[in-house]
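Note that the chains are named A, B, C and D in the order they appear, and that numbering of residues resets to 1 at the start of each chain.
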Amino acid sequence: MPATNQKYKIGILGATGTVGQRFITLLANHPHFEVARVGASTRSAGKVYKDAVAWKMASAMPDRVKDLVVLECSPEKFQGCHIIFSGLDSEYAGEIEMKFLKADFAVFSNAKNYRQDPSVPLVVPLVNADHLNLIPHQRKIHGLNKGFLVTNANCSTTGLVVALKPLMDAYGPLDQVIVHTMQAISGAGYPGCSALDILDNVVPYISGEEEKMEWEPLKILGSITKDLTSFELAPSTTRISATCNRVPVIDGHTMCVQVKFRRHPAPSPKDIEAILAAYTSAPQKLACATSPEKAIYVSTECDRPQPKLDRDNGNGNAITVGRVRECPVLDIKFTLLVHNTILGAAGSGILNAEIAVAKGLISL
Amino acid sequence: MPATNQKYKIGILGATGTVGQRFITLLANHPHFEVARVGASTRSAGKVYKDAVAWKMASAMPDRVKDLVVLECSPEKFQGCHIIFSGLDSEYAGEIEMKFLKADFAVFSNAKNYRQDPSVPLVVPLVNADHLNLIPHQRKIHGLNKGFLVTNANCSTTGLVVALKPLMDAYGPLDQVIVHTMQAISGAGYPGCSALDILDNVVPYISGEEEKMEWEPLKILGSITKDLTSFELAPSTTRISATCNRVPVIDGHTMCVQVKFRRHPAPSPKDIEAILAAYTSAPQKLACATSPEKAIYVSTECDRPQPKLDRDNGNGNAITVGRVRECPVLDIKFTLLVHNTILGAAGSGILNAEIAVAKGLISL
Amino acid sequence: MPATNQKYKIGILGATGTVGQRFITLLANHPHFEVARVGASTRSAGKVYKDAVAWKMASAMPDRVKDLVVLECSPEKFQGCHIIFSGLDSEYAGEIEMKFLKADFAVFSNAKNYRQDPSVPLVVPLVNADHLNLIPHQRKIHGLNKGFLVTNANCSTTGLVVALKPLMDAYGPLDQVIVHTMQAISGAGYPGCSALDILDNVVPYISGEEEKMEWEPLKILGSITKDLTSFELAPSTTRISATCNRVPVIDGHTMCVQVKFRRHPAPSPKDIEAILAAYTSAPQKLACATSPEKAIYVSTECDRPQPKLDRDNGNGNAITVGRVRECPVLDIKFTLLVHNTILGAAGSGILNAEIAVAKGLISL
Amino acid sequence: MPATNQKYKIGILGATGTVGQRFITLLANHPHFEVARVGASTRSAGKVYKDAVAWKMASAMPDRVKDLVVLECSPEKFQGCHIIFSGLDSEYAGEIEMKFLKADFAVFSNAKNYRQDPSVPLVVPLVNADHLNLIPHQRKIHGLNKGFLVTNANCSTTGLVVALKPLMDAYGPLDQVIVHTMQAISGAGYPGCSALDILDNVVPYISGEEEKMEWEPLKILGSITKDLTSFELAPSTTRISATCNRVPVIDGHTMCVQVKFRRHPAPSPKDIEAILAAYTSAPQKLACATSPEKAIYVSTECDRPQPKLDRDNGNGNAITVGRVRECPVLDIKFTLLVHNTILGAAGSGILNAEIAVAKGLISL
C-alpha cells in the first residue's frame, strides 16, 4: 500500500480491446492506481483514446482516458509507468510482453503465451498468490532489477480453481475433476462471436479452451519448490476432463463441476459448503483495494448461481457456488459461476498487481 | 400399415397445450393418421379449436383442426378414435389416461405419471420398441380387448438413450454415464419460462429432470422378461449422473455425455462414430411413416451439433452426435442433440403408434 | 431536505413485485428515506420479505428488508410511515391506494388507475413538478391534513415527455408527434412475458400502451390553472400517434420520435440538440438526492442511444437522445431511450417524493 | 415455363455468402432451375463448395452443390449458364456484374450498385414485374443479344412496397409514408452483427438503409414510359420518412407503416384490409414455380404479424400485414413483416428470373 497519496502509474497494452476496456473501467476509481498510458495497434496509435476505441462497456468511458493519446506498444513509450497491464491478443502478446519484461517493467498479462513458461507465475489471485515468490528467480534469469512478468489464467480455469483450492486444502488431493462450461460471449472478445452463430443456439466448442482447463489448474494448484525456482504440478493422479460450450449469455461463465476425492469417505455436501464459504484468500488477507469481501459466495437456493443474478457478487471478483450435492458417479457435484471479464480477466490482473504491491515487488 | 385408404382416427388430449399443438402440426399431412377429436380442459371445451388455442407453432394451424369443437377429456367423447395421444400435464394425466385405458383405448402418453408403472412400456421408438410386447400382459391385468397404455420418455432421456443403445449393443454394459444438458425453453411448455429468467441467463436447475434422466434410461435400456410380463432394469452397476440446465434456446436440447464402459480396453472414438452412424432402429426397419432416414446423424465437424443448425435433422425425429473423443476421466465423451418437442415428445408418441400399428396392436 | 439525521419512513405497497423490488433497490442507500414497512398480497403477508419474494434484481437484496415481515396492504399496518410508494398492479391499486389516501398518507403511485383523475397530479419529475401545486386542492376535496396522492406516468410516456417539454418551452406548441417504441420485457412485470413469445421475436402490440402514450402527455405537458384547482391539457391541436412494440431487451425502452412544430420554420437539429442538452428540471434545481446530473444526455454518435449501453445514464433517472435529424415528412426526428423500471417507474416515484419533501408537502 | 424436362442452368456469384447460401437452399428442389456453377472470391476458388463455405442455413446443404468446384467470378467460367444470380457484396458487385452483363448473361443481382441506374429495372416481383419491359432498351444500349441485368430491391424496401402498391392501385397517390423498421440480424450478412452488439440490445441505425428506403420505392412504384426506355418516379409529392433499427431477431424484418393518402376521405381500415388481402401480383398470375399462394397475408389478430410466427408465410415469399387501424396523425397505420433473406433477397431474385422466363426473356 503506498505510504503517500501518490498513485502508481499504469500502462495498458491492448487498451482498445475488450479486456483493455475492462481494465480501464475497473481502474476508473482505483485508490492507488491511475491509468497514465494506453497502447494499441499501430492503426490506432496517434489518435486520442475516445476516437480510437469502439467503447462497449455499459458504464461511460472514464473522463481520465478520453483524451489520452494512444501509443504504440513499445517500452520506450511507457517510461514512467510502474505497472503494465496487457490485454493483448495472443497473436501479439508474446513478442510485445517480452520486450516490456526485458525493459524491466512489471507486466501483468492476460494472454496465454507465457502461462506454461517455467519461470512465469500463473496466478489466480484468490488461489496461488504465493507463486509470486518465484519472481526473484525470474529476475535473475532475465537480469532484471524491478521488472517481472506474471500471467493470470484462462477465464474458465480461474473460476474452477477458486473452488478446488479450498477443497484440496481441507481434504487433500483430488482424484478426478469433470467440468462442463456454459461460457458467455464476452469471452470471445469483440466482434468475437457472430450474433447469427449464438442467438437461439449453443456452440459446443471453444478453440483451445478444453486444453487450457485441463492443464492450467495443475500449475495453479501445484506448489513452488522450496528454493523458489520452479513450479511443481498438482499430483499427477489428478485427472481433469473439461467440456466447453458457448451460450447466449453476455457476461459470466457457468460451470458444472464434479469431483472425486482421493480420500474415503468423501466429505459431505454440507461440509463442502462450509469449507467454501469460509475460504479466505490473499486479497482478503492483504486487504487489497479491489478484493471481494468473500472469495466464494455459497448459495443454498436450488437454482443458483445464475449469470444474470450472481455475476456481480463481490464486484465480479468472487465466484459463486451452488447446488452442492452428491454425485452418483464421482463424489460431489456443484455449479459455479465466475465473471469472465472481471475475475476471469482484468480483475485478476489488477488483484495480482495489488498483491505484488503489498508484497513489496513494485515500488513507486 | 392399413390396406385401405381409410385412416386411423386420432384423438388428442391436451390439444391446446404446447405438446398438443406439436402433435397436431406433425399429424397435419400424415398418410395414415387423421386428427378427429381434440380434448382440453373444461375451460376450453365447447369452443372451436382455433378460438380455444393460443397457437404458438411456426407453421400455420392446419385447416383440418380449426373448426373442431374442443371436447372434455372423457372417454365417451372420443368414441370412434383408434388412437389417443395425450399431451396432458402430469397434474391431470394420471386420472384421465387411466379412464381412457379402462375404456379400452390405445393411449400414447407424453406424461410422466405411468413411466415407472411395471405394466406400462416406457418406449423410445428408436430404442426399445420390443417393450411393446408386454401389451398382452397389460391388457390381461386390466381386462381389455384392444386398449393399452404406452408412454414415451422425458425429452432429455430420449436423446440420451438413443446414443447409449447402440453402444451397449456393440460393447456391452456401461459402467458410468455422466450427462450435462443445456435444455431449450420449449421444454417448459407455455407460458413456461419467463423471459426475465432466461434472456442473458442460464438457469442451472430443472425441477425433477435429473431424477428422470438417472432412472428412466435404466428401464428403457433394460429388457423384458421371457414370459413378457415384466421389465428388468439395465445392469444395476450402470450409474448415471445427470446435471440439467436451461439455456436461451427455443428448441433442441444439447447434452454433453461421458461414458465409461465395463469392458477394457474401451472402443475408440472412430469405432463409436461408426457404430452410431450404422445404427438402425425399429422405425427404419418397419418403414414407419414419420421414421427419420437415420436414427443418428454423426457429425465430424469440430463444433457440432448445434441446436439452431441440427435440430431438424431427420425431421426432428433423429438425434445428432458430434465431438466423439476420448475422455481423460471416463472413457469417451461426445455431444448430442435432440429436438425436445419432436423426438423428445410428440414425435416419439407418433412413432410409437406407427410401430404399434405395424405390429398389429391397433386395427381399423 | 430534513434538518436532522432522522429519515423519512417509507412504506412500499406491492413490495414483492418487479416495481416493488426496484423501489427497494433504489432506496437501499438513500440518504433521507428508509424502508420501514413492506406490503403485499394476503398470500405473502406474515412471511419475512426474503421468503415471500422471488428476488429478480441483479444486485443483492438489501439486508435492511430481508427480515421485514410482509404486511397486508391496509393503512393501519403502515402507521408511522411518512411516504407510501405503491407498485401495486392496477387490479388492486385503485381500491388500496384510495384507502391510504383517505387515511391521510402521502401516496406515490406507479399504477394507472388515478392518472386521469382531475384532482390527481400525473407527474414526471423531470417535466411537471409544478403540478404538485394542486395538492392543497386535492386535500380539500378529500378533507385531508397531510395526505395526498400523486401518480407517475406510464414508462414510455415518461421518456417521451422529457424530450418534448424543453422543445415546447423553447419553440411553442407541437402540432404532431409520432412515436414508435421498442420496449423491454421488464415492462411487463414478472413472470410477464413468456420466453417463447419474445426470444427471436418482436411482438407488435402492448395492451393499452398506445392509448396511454396518446393521452398522458396531454395532461403532463398541459398546465395547471391559476387557481390551482384543475389541469388544462396541452393544446388540443397536438396530435400524438403511438405504436408500441415489445422486443427482446431486458431493460430500457427505445423510441423513435417524430415531431412537427406549429411554428415555421422549424428549429434545426443542431438547435434542438442544444436545447435538449441544456434542459434543467426540478430535481436538478432542488438538488434532489437521486436527481440525475442531467435530465437529458444528448449523443451525437450515429448509432446511439442503445439500451445496453445507455440505459444507466444518470443512474437510470435521465433519458438519452440521439440521431436528431430532419424528417422528410414531419420536421424533426430523433431516437430516445428511457430506463423503464427506473425513471419509467420506481425512480420517478422516488424523485416525486423528494420534490414533495423539498416543497414542504411532507414533514417528519 | 420450359416445354421440355431440361432445366435452366444457374450460376451463383457470391455463392459462399449468406445470400448465396439462401439462393442454393431455395433452388434445391426447383422444378426448372438447377445450380450448375458457383462462384466466390479468389480465396475460395478451386476448393469444392462444401470445403469453401461456412454453411449457416438451418436445412442441410443440398447434395448437388457439395462437390461443385468454386469458380472465380469471371464470365468465361460460367459459359453455359442460362441465368446468373448475384449475391455479391456491393464492394465487388459493380465491376463483376457489369462483366457478366457485357458477356451477354441474364443477371439477377441482389446488390445495390445498379439499383439507381436508369437502364436497369429495379424489380420487386410482387410489385413491378412490368419494369422488365425495359430490357430490350437495355440490351440495345449495351449491344446485347440475350443478356440483361435486373436488380431486386433492399430487403426492407421490398416489404414496404408490396403493401403500398395495392393501396396506390386502389386509392391513388400517397402523400406521406412514415416507416419504422425492426430488422433481423441476418440482414447484416455473416459474420455481420457481433453478438455483443445485439444481445439484450437494439441498435437504432443501419448504415445507408434509411436512404434506400426513402428512394427505392419511388422507382419501384413509379412507371415505365410508353416508349419503354425510361422510368418515371412515383409522384414527387410522395414523401417517405424511414427510421431503421436492428433488433435481436434472426430472420424477418418487422415494420410499422403510416400512410397519408392524397384523396379525402381516406379509405377505412376495413377497406384496406380487403384491398391488401385481394391483391394478386405477377407471380400468382404467371403461376411461377416459387410464387406464394398470396402476395399478402392479412392478419386481424391484435398482436400480429410476429417474425417468429409469420415470416414463413407463403414460404417466405409473401408479406404479412396486421394491425390495420386509423392513425391519429396520418390516415392509416399498420404493421408489416417480410422475410428479409427470402422475399427480401434471394427469393425475389428467383421470382424475377421465373417471371423473365415466363415472359420469354430467357431461353434454354
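In this section, contacts are C-beta pairs under 8 Å (C-beta built on N, C-alpha and C of every residue); 3 or more make two chains touch, one makes a residue touch a chain.
Listed by chain with UniProt protein names: A, B, C, D = Aspartate-semialdehyde dehydrogenase.
Computed from a prediction, not measured in an experiment: that's the story for all the values here.
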* Asked: Out of curiosity, which chains are bumping into both subunit A and subunit D?
  -> B, C
* To do: Could you tell me which chain lies farthest from subunit D when each chain's centre is the average position of its Cα atoms?
  => A
* What's the call on subunit A versus subunit B, same or different interface residues, using the half cut on shared numbers? -> same
* Structure fact -> More Cb-Cb contact pairs, comparing A-C against B-C, go to B-C
* Taking each chain's centre as the mean position of its Cα atoms, how many Å separate subunit A from subunit C? -> 41
* Between subunit A and subunit B, what is the gap in Å from one C-alpha centre to the other? -> 43
* With chain centres taken as the means of their Cα atoms, state the distance from subunit B to subunit C in Å. => 49
* Structure fact -> By the touch definition above, subunit A meets two or more other chains at residues 56, 199-200, 248, 250, 308-309
* Asked: Residues of subunit C touching subunit D in their complex?
  -> 176-178, 180, 182, 199-205, 214, 239-241, 243, 245, 247-250, 254, 256, 258, 302-309, 322-323, 327-330, 333, 335
* Would you pull the subunit B residues touching subunit C in the complex into a rising list? => 56, 185-186, 190-200, 248, 250
* Across the complex, what residues on subunit D touch subunit B? -> 56-60, 199-200, 308-309, 312-313
